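Step one of this worksheet: look at the structure below.
For reference, chains read A, B, C and D in written order, and residue numbers begin at 1 within each chain.
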Amino acid sequence: MPLGNKAKIINDPLHGFLTLPNVLVYDVVQHPYFQRLRRIRQLGMSEWVYPGATHTRFHHALGAMNLMIKALDTLKRKGIEITDSETEAVILGILLHDIGHGPYSHTLEYTLVQGVDHEKISMLLMERINKDLNSALELALCIFKGEYHQKPFLNQLISGELDMDRLDYLMRDSFYTGVSEGIVGVDRIIHMLNVVNGDLVVEEKGIYSVEKFLVARRLMYWQVYLHKTVIAADALLVAILKRARDLAKQGSILGTYHPLMHFLFKDVNASDFNEEDLDLFVQLDDTDIMAAIKEWQFHEDAILAELSRRLLIRKLPKITIQLSPIDSALEALMKQQAAAVFGVNDEALLHYFVQVGVLENDAYRSDGGGIRILKKDKSVCDVAEASDNYNLSNLKDTVTKFYITYWES
Amino acid sequence: MPLGNKAKIINDPLHGFLTLPNVLVYDVVQHPYFQRLRRIRQLGMSEWVYPGATHTRFHHALGAMNLMIKALDTLKRKGIEITDSETEAVILGILLHDIGHGPYSHTLEYTLVQGVDHEKISMLLMERINKDLNSALELALCIFKGEYHQKPFLNQLISGELDMDRLDYLMRDSFYTGVSEGIVGVDRIIHMLNVVNGDLVVEEKGIYSVEKFLVARRLMYWQVYLHKTVIAADALLVAILKRARDLAKQGSILGTYHPLMHFLFKDVNASDFNEEDLDLFVQLDDTDIMAAIKEWQFHEDAILAELSRRLLIRKLPKITIQLSPIDSALEALMKQQAAAVFGVNDEALLHYFVQVGVLENDAYRSDGGGIRILKKDKSVCDVAEASDNYNLSNLKDTVTKFYITYWES
Amino acid sequence: MPLGNKAKIINDPLHGFLTLPNVLVYDVVQHPYFQRLRRIRQLGMSEWVYPGATHTRFHHALGAMNLMIKALDTLKRKGIEITDSETEAVILGILLHDIGHGPYSHTLEYTLVQGVDHEKISMLLMERINKDLNSALELALCIFKGEYHQKPFLNQLISGELDMDRLDYLMRDSFYTGVSEGIVGVDRIIHMLNVVNGDLVVEEKGIYSVEKFLVARRLMYWQVYLHKTVIAADALLVAILKRARDLAKQGSILGTYHPLMHFLFKDVNASDFNEEDLDLFVQLDDTDIMAAIKEWQFHEDAILAELSRRLLIRKLPKITIQLSPIDSALEALMKQQAAAVFGVNDEALLHYFVQVGVLENDAYRSDGGGIRILKKDKSVCDVAEASDNYNLSNLKDTVTKFYITYWES
Amino acid sequence: MPLGNKAKIINDPLHGFLTLPNVLVYDVVQHPYFQRLRRIRQLGMSEWVYPGATHTRFHHALGAMNLMIKALDTLKRKGIEITDSETEAVILGILLHDIGHGPYSHTLEYTLVQGVDHEKISMLLMERINKDLNSALELALCIFKGEYHQKPFLNQLISGELDMDRLDYLMRDSFYTGVSEGIVGVDRIIHMLNVVNGDLVVEEKGIYSVEKFLVARRLMYWQVYLHKTVIAADALLVAILKRARDLAKQGSILGTYHPLMHFLFKDVNASDFNEEDLDLFVQLDDTDIMAAIKEWQFHEDAILAELSRRLLIRKLPKITIQLSPIDSALEALMKQQAAAVFGVNDEALLHYFVQVGVLENDAYRSDGGGIRILKKDKSVCDVAEASDNYNLSNLKDTVTKFYITYWES
């Protein structure tokens, strides 16, 4: 169905114009669940380090859709058969792939809604939207779940080592942070896509662009996603939420917005996540967390108030990141220091001020299928084997780092 | 004083790197009043039309500072005497020029804090920061207020028809919205700045860039700042706040965040705006408004709840913009229509649904000094007279448009 | 016919990738006449002022083709019927629209091949290519000549006030010179194209982008195309060629490259421009002129040698540009000065050193159809009438300036 | 000495504005030897693959100067002592670092002027300019030659593994080709420069940008500098020049431009390269080669004519690139094929049609000092050791590939 009056183009500093291809897509974009993504930042706390990084999951989802349209066009031009309904379904799939993200995305994934990951929630929300739109999303769901076995490449375009999600977020995050390291040759990569035996492949001519994509991704991890100050800000946010939940258990009053209170006062987990939980979950976004923190800076609990106040004026904890695990003596020492800084003597409370954690970064994983290169002799091999100087095999190693956050004053 | 450990560079997708030039500037940026600007969008409701436009007043202030540093360098290289303390003062002046903006800036300027404009509040906050920093901002304040009569160009760089504020916001808003119409040759304009008799001038060679700046500004007004859907979203936001204030007068419960409640329940105006008001004002930002609207969607007052809900799912009023005033018959008709749509029969309440207003756009005003062009024969004239085909004289005409917002369903 | 092995994508810093849509287009691009455009700069002598402006007519033609493909897609999506053969023909038309340009394009149009304009030669070359490719360009020729009366918009896309040629060259020249003034919202303009009664129109929503396009075009004229130093360099180049032709008439030896010698020694004009002339013309490009000048710096004729040497080391004449005609007394004075500088006493020779000329700039001409705006009420009017504050009517005035070039030492 | 009337800003699409810092720099830029760089493409034959790559060594030298100015500012701000005369000298050094390049740079370095590399010629030309400018370049020469032992970092900024030359050319080549793979975080790298014990170092925070720089450089080699079609075009150009030189030895007439004839007819080598050779060398640029080829397409020697014609219409040889050496049987076979294609039976002539060669790419060499990283603990180590997952050690391996060019029809 043509769009007619509903025709819609949306400006994007990154891709120029984003065009909604038909009425169904338009209706999905208008759905309250999708509009909610306007209030969830793509990069959570990163804006405390990169002030330009205020872009949203809403914009990213539309950008990824735009790349998907280009990728499908390229494949069709190369003679790969993709029907109109498959086209629509993959477009819907990429559009909704992140619909289940909660406030501050990854940062709070396991603090606020414990034990239920965003992929699970994305699936539940897609099913609801499917119902609202008279089952128009059946095929999209099938592809999204990886159950469309005749054409696995359709799922790989949504969720693989080189999917449209990653291509858009690398470019977009790079653009909005101003970290040029993440810029990749997206157009070239898309032009080099092809399909062999149902699997997505990249033609050999595109191999340098793929290498660059992998290196860029690794660098963006260390420079942006796992930037030490971002990790410190994340740790502070998590500490605040933990304190709030602990106070909730003690019956403290924490605010009036019931969707947030629900998740502060109740332990939600995967096995009993029900329809009511979902109803309340979709009422949450970044706003609620930040508004709560603003209110909590005046809370009677000194710990909650002080941590909240510090976050708001960007007084962040110090952080040490290292290649070896954090020594427990160091942790103890830092807790003693926190006791002095905050005037808290109860040892059981010091964990709010000192956090120890692990950072992991796999630039590339070949176990789930990896990135396939189509060589000129028509054979297909993994990119790590196709590269001319085996640089890439290193990228398969998981890099693990350890951190501790603490306060000096 | 050199920055040493406090050395700080901040990424900016627009200008590359922003460097804080010294410790005093660093301390001002760290001040809670300045950090608060991280939570105030530069373009308020525009992100409902341009999803990329989530950039903040924090980033803009730093960007304008960056342009100021370049402009001062250029002038010094041309032999204009500017002392180190003047340099620092002008940098601080541009950094703080917008410090008094409240949540949703212009949109709520006269709804939430009636009768006190943001320039007034900027001044009050600069004076407070000055106190906090041992009077280090005395000269900055003097220049900012236009009282540094020996070198008027220093004030003109902060606040004139071609100041660093405008140059940064035009570029920045253009960049983040993706509306390339606003791109101007900022580097060229800055390179062409000079001073004659204490006034800022642009050398004749830069005249085309100035023309382009004026045209770009006019176009950005119609395409972004006064975009019809942005005006409609603004009108809805204002209607919600008005309803909340009216309910406050009736003793309704509207939330628990006391800084916001203060301004909802009290009529603040210029004559009695006091220290306590200011203390509470600096606790407000965009978050509080959006969080309140999220809570109000569940409010017992049907009007407040329904308008709030509509804003959150981006169900915006229709709008008509025209060159002639809105006919009162049309307004009455639209109110009747609203009565039907919302099931509200009390005529006194229909004004929440139908708003009538005026939009004005002066692309260029020469009365306050305008933009002076330094001709090759060393004479100085107004840009509107210097242009070779007098196009620009049109830009001095105020363009006035009239709008009405209403609901169809 | 699909491209298969001939599939070809070409990098373009401006548009990303340029894709050749089919075999016929590929064959046209491979044709020696088209490859020759690689050796003709888009902006002639402008690189002496803007060193980045070394881009070629080859690249521009491909870029304009790329915009044409987007424009046709947009129109088809809006329901305008355009057949596959029309699509191909318009693409070929835009690709070949400038095929008849000679070395240094406009600069030498009337010096080297007097009386035959490049449009005429473009037509002759298109007809030859048509023959080489078994009449595959019949429809393209018909549209190019404006003889395809059932769909005038197809010709307007190639050659009108808002054609794909202009959109590409404004963007491209702006990009390569680094003069950001010329940047226009090409994507937006293309998205707003439509067809009414067979004519190309722009939907009202795009009016600000059209205004910006017109203003940008005017500014690019004064800042780049008619930049005073570019005019001075042009004048020097023309003087060299004139001297060479005059020496040719006296039997002087000027080189060995026969295609260039042909046009130096023979007066070619429109009425007797024959097949042999055309055969030799396609052997000429920028290289030949510059190589000749390099050789002529050692010529026995002092005037030719000195002017050539000056051009090569970028010692350009001075220039005065003004709104009133050049006084003949000034011209005489400057000739006297040249006599002293160059030690030339023969008055008949002084015209090589002092040139007087006229520059004209119409930012917009509505007489040939102009730019039509489709208003919301479905009426169509000229953009100069549709604009809200009548700024644009000024742009219809031809701006005329007068110049004189001369030497000071 | 301030620039005054000679003040000069030059547009650069890449860096914005390039400003000449003083009169001496201005005079060097005006020198005929420097102006000659306007006619030498930065990337030689690459424009046959990347049509945007027509940028010149003139523009690159100015761009590298611009980065040098920024780097020196950064170092001074960090307290590194650099005097005004050192500043000027380093700026002149980078400006002139490539002044000795001949036509088509690397492609013809060993064909046209055998046995004399461009570094040697650069030195000779700098000495001449030094003489012309009253020995103003003494210190620049000293630093350029690596003889300024008190501050080795000054030479390292001109010529090291991370010098301003490389930073500019990577960015510039990436920009003009449209290959985004080469974009590097130049601003960040420059901000992270420092000096320890007289050597240039990069602060640890910049390590990811350095990694990215090395990877980008490697990728640009394979994707642009050693692109297979570029190698094929180079091989054709070299074959043409070889054939011309061989014909010269037989007394054939090859043209009239004596500087080119000089190098075609004489075997110039390092030991006897004299002042007259240098006088003629500076009269050569890309124009002369292309003009000669244009003339040679009509030469009576069939081989020279046919190869020249093919180059002009971009009919390039086929090429095979592989990791193992080219089999001599394959070479023989390809020569037989060439014999058939060109109708040449004399075996001694077949080498013009089939060329075998080696390509080498060291992304990073640490032997000459490498890139030093200044760690947080103040120790300095090589970047290949500092990287967290040892990826970079691979980049030290030289990658060697072998190619053969041949003709199919």
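Here is the rule we go by: contacts are C-beta pairs under 8 Å (C-beta built on N, C-alpha and C of every residue); 3 or more make two chains touch, one makes a residue touch a chain.
Fair warning: this is a prediction, and the values are worked out from it, not measured in the lab.
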Counting residue numbers used by both copies over all numbers at the interface, does the subunit B-subunit C contact come out same (over half shared) or different (under half)? same
Based on the averaged CA atom positions, which chain is farthest from subunit C? A
Can you compute the centre-to-centre distance for subunit A and subunit B, using the mean CA position of each chain? Integer Å is fine. 32
Whole-Å distance, C-alpha centre of subunit B to that of subunit C, is 43
Would you mind pulling out the distance in Å between where the CA atoms of subunit B average out and where those of subunit D do? 49
Multi-chain contacts only, two chains or more: what residues does subunit A have there? 16, 179, 188
Within the complex, which stretch of subunit C touches subunit B? 179-181, 183-185, 188, 208-209, 211-212, 215-216, 219, 222-223, 323, 388-391, 394-395, 397, 399
Help me check something: in the complex, which residues belonging to subunit B touch subunit D? 2, 9, 16-17, 79, 187-188, 191
In their shared complex, subunit C is touched by residues of subunit D numbered 10-14, 16, 30, 32, 35-36, 38-39, 47-48, 50-52, 54-56, 58-59, 62, 175-179, 255-258, 283, 287-288, 290-291, 294-295, 298, 312-314
